[in-house]
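Take a look at the structures listed below.
First chain A sits with chain B, and in the next complex the same chain sits with chain C.
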Partner chain A sequence: MNCGEGIDTRLIEELFINLDPIQAGGRLSADAMKAVLAYGDGYSVCDNCEKPFRLDCIKKPPLARFHDELAKFLNMDIARLVPGARRGFQAVADTVVGKGDPVLLTAFSHYTEFLSVEQAGGVPHEVPANDANIITADAVASRIEEVTRSAGKTPALLYVEEVDYQYGNLHPVQDIARVAHQYDIPVLCNGAYTIGIMPVDGKDIGADFLVGSGHKSMAAPAPSGVLATTSEWADTLFRTTQVKGDITGRTFGVKEVEMMGCTLMGVTSMGMMASFPHVRERVKQYDQHLSRCNRIVDALCSIEGTQVMSEYPRKHPLTRMNTTGSFDKAAKTNKKKGFFLISALRERGITGIIAGSTKVWKFNPYGITEEQARYVADMFLEIAREEGLPVKSG
Partner chain B sequence: MNCGEGIDTRLIEELFINLDPIQAGGRLSADAMKAVLAYGDGYSVCDNCEKPFRLDCIKKPPLARFHDELAKFLNMDIARLVPGARRGFQAVADTVVGKGDPVLLTAFSHYTEFLSVEQAGGVPHEVPANDANIITADAVASRIEEVTRSAGKTPALLYVEEVDYQYGNLHPVQDIARVAHQYDIPVLCNGAYTIGIMPVDGKDIGADFLVGSGHKSMAAPAPSGVLATTSEWADTLFRTTQVKGDITGRTFGVKEVEMMGCTLMGVTSMGMMASFPHVRERVKQYDQHLSRCNRIVDALCSIEGTQVMSEYPRKHPLTRMNTTGSFDKAAKTNKKKGFFLISALRERGITGIIAGSTKVWKFNPYGITEEQARYVADMFLEIAREEGLPVKSG
Partner chain C sequence: MSRRAAEAVFQGLFLLSDIRGILRETAPLHQLSAEQKANTAKSLEKLEKQISILREELVS
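Showing the complex of A and B:
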């Protein structure tokens, strides 16, 4: 089957166990798949849009209720849907960062966080990680002092990733936020890898702004995400339009400036909403997903010369491995060179690792079953043995 | 069937002829429906993302080619996908409008155009329409002079809607752009109601920035849209990131600041792309869609006391009617009051008109068949007769 001229049907999730670092949490639930079909058409959620004419007020389909539940789920006061976490960063930066303002990010901040600062005209400064690749509250305190001294004012905003995209490490956001608040710096917590995957309590960690990604971690279609805030910041971040047509006298009701009015008018909001009950349940089973991840990491580490570069035991399934002393040695003699690993995995029905990588690579086994985890672990060992790499007995 | 907890399946397009003003052009093609199913999962288009790691460079699925074809289709030099036309307005405003800059919009500008100006810190000024509800080049020239005098500088940007959302009238963008360019004012043409519906030639009309809506007029899921520009503006509008991590030394490649990097990473870009061959064909049949619209307007106008408020004959199927002297009279005696009209239409398998409206209302018959158009025309007359309203014989 194809989906029109030159477009093959995507079958990755049907044919493989997919360990792709960014795709694991965004696979649709069966309900989301149904919603996607039923609400595929453009403005499909607008059939019953009534006053005050805003996405988060639509009662049928129950988007209003979904917005409320989403805020509660995150333990924040108010939530809005956004076209991807990046549009959440943009809305916050545009609200609190002025031209030339210093802004703190971390050594693990995502490029989209940097872009949001750049677009708002802010000047980014990073907080370094420690030797264990963790951003500590002490490091944040030092950088606040340094940057404040050099810039002549305190940073306008601090971005911190609850789990980062490089190591998948869990950072002490609560401690970090406490420090930032001592300097009256608002905190944007990037939960793109956590919201929808593990329990996240916005108030508890002290986030002024909490951002999640639908397509990365909430079993939703792209682009989708959530931006939540506290009642303290709600009126500022979600300020409604104040402009007026100078000839017609038109005003534009309660449309929110940073949201550009409505955000996800069809398939994306419906996919998020249909998956939400499943997402709410799956975060309660987080420990199982971690133990499956650890099983695979253990198997990999039993191959001599292999190291896990992420913190261990794993606190998040996104994991960075170093196989320079194992699979990369094999790559030197294998006729497929560095491509032997992905090739051997695909022959065994596994995919998602960057083709050609045998030194440092990431994988994310989130969402696979116990049996699949055992299978993946076994297959890594089988490939190692086939390549003549020594495996420590477990 | 439902799509999860409390979510009913949407069946509007299956059960009714839908005349909704904003939904007509956004119904998916069959190919888009297939693409939506096959690419529903989060980051579904990223399986083969290679250097330089940007959505518009992905070869499989053929997004790179789609971007090129889209630019050609619009006769512009370069095109990018955006999460809705509004995000296109935002990118342009953020690029060319500085704090306090005067900006020209029209009496028919959409609220999202105003929001984009507000977000960029610009000061909006409207160009009035003439008595026929058309924005003329002369009116634009006068307002440029007035606003320049009062603001002390020429407007930073002019927004003009090729077809407006209130009357569905076609405005002389080419003449308007010529005037604006005489004052070196760049022109953003809002093609949300035209791109994907009728032929649009960006260079011919003189657009510096051309914005279209996927979910409104390109048979695509929401949120989706296109932002195209000329080679003259491309490097400014699609400027790549210049920031650097001050500790890690990280730079962020060719990610475009205003796009926030990648934009539509899954179902939305795939839906647009799968529908594109159909969209390209359907704009060639534009005259047929207009004649079907005119047939319905003619029928309505044969009901005594009914007026078409849009220009006539219609140049776009989005149409504004005034039935204060006909259906609204009937509403005064009907036990369903103003709801009798939508109720009578729904009984006949027609929907999309605002429930309760019997004075001024809009409809958009785009995409219906010849037979359906005849049926809709007949049903309006049947309802009028049923209510005892005099109908002129045709």
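Showing the complex of A and C:
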């Protein structure tokens, strides 16, 4: 079934339980689907744009209120919509990082965090993870000392991921921010995997800048995200244009330089806003989502030779597994080789694990129901038994 | 201008979106609970009403 010439209709979410590690939190709510239908046209939110002509000031649809509510939701002073978390990193780096400035990132920083430093002319330095794949405040303190000695100045910015994309581990951002602030280093907390998934309190964790992803974790269309900051940084980060055309004399009102004026002018902001009430509710039920994840992890770990590589019990549903001693052994004798696992899962209506992976792979069951979690756990065990892998009873 | 027809189109699409949501919640077996069945039945009933409006407004 096509939805346009040569464009297949995507039915993945309707036909399968999708465990894709980056797709789970971005699945649209039914209200977001409705908003997408009604606001799909290009500049659809601009029908009632009035002075001062800026996205965050539009009252109908209620984008101005949405911006205020987003800031409150994150316990920050001000928030802006951005086209993906990466554009938030870019705006912050461009504001606080100068040419040649050292910048601290972590062993788990996303490539777009690095690119934002590169674009601003900064020099990236990584904070290593410990043996448990956690970034500690002590490691941050050591790196600040080392980098300050070698660069001759303190880092201009510290990026820290609240939950990382490799292990889905929860890092002690509050402790890390406290250390950074002792050296007067502003902290950008990357909440791409947490904002919209679990409760996040920006001021409590000490974030100067808080960045989230709409399409990764806020049940919104791509590209969407949020950039929030404190009143201390608001005027700098969201500074308005001062430029003037030298022939025409034109000026550009209150457009914000780092936002390039307006950001999400249609379906993305509307999808994000329509999902927001659901997102606000679902973070309150985070424990239920975690318990569903732990149910699946427990089932997997009952298959002999299987290990969970992420911290356990899970504090976030994005999880890295090692099945070298179980499913990978089965792959050696199965005629489908490494593709047997995804094939067996798809036959059972489950998808989202990288095709061909039977050693180390990630999954994310966020947002599935209790019944679906039970089903996924049962199906992993069924596949293991079918392959003759020993399963511990329990 | 038929505002009634335009609204019926969107109302119909929204009702179908609710059903789409139920497909997602119950994938892959699509075994609906009693409550989900009742909600789906209600959506379908309302959808038929919207289709009737469209017939009245646009083709009769």
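Following the convention adopted for this analysis, the second predicted complex is superposed on the first by the 394 of 394 C-alpha atoms of A that agree within 3 Å, B and C clash if a C-alpha of one lies under 4 Å from a C-alpha of the other, contacts with A are read in each partner's own complex, and residues count from 1 in each chain.
The rule is simple: a contact is a pair of C-beta atoms (placed from the backbone, for glycine too) under 8 Å apart; a residue touches a chain by one contact, two chains touch by 3 or more.
This one's a predicted model, so the numbers in the text were calculated from it and none came from an experiment.
J.: Touch check for A:F16: first (chain B), second (chain C), both, or neither?
T.: So A:F16 only meets chain C here.
J.: For A:R348, using the defined touch cut-off, is the partner it touches chain B, chain C, both, or neither? Pick first, second, both or neither.
T.: Only chain C; A:R348 stays clear of chain B.
J.: Could you look at A:G214 and tell me whether it touches chain B, chain C, both or neither (first, second, both, neither)?
T.: In the superposition, A:G214 touches chain B alone.
J.: Which holds for A:Y375: it touches chain B only (first), chain C only (second), both, or neither?
T.: So A:Y375 only meets chain C here.
J.: Going by the contact rule set out at the top, does A:M33 touch chain B (first), chain C (second), both, or neither?
T.: In the superposed model, A:M33 contacts both chain B and chain C.
J.: Once the two structures are superposed, pull the chain A residues common to the chain B and chain C interfaces.
T.: 13, 27, 29, 33-34, 37-38
J.: Note which residues of chain B are touching chain A in the complex, please.
T.: Listed in rising order, the residues are 1-13, 20, 22-23, 25-29, 31-47, 60-62, 65, 83-84, 86-87, 89-90, 94, 105, 107, 109, 111-112, 114-119, 124-128, 214-216, 219-223, 241-243, 245-248, 252-253, 255, 257-258, 260-261, 263-268, 270-271, 273-275, 277.
J.: Residue numbers of chain A touching chain C in their complex, please.
T.: Where chain A meets chain C, its residues are 13-17, 27, 29-30, 33-34, 37-38, 348-350, 369, 371-372, 375.
J.: Can you check the complex and tell me which residues of chain C touch chain A?
T.: 10, 13-14, 17-18, 20-21, 23-29
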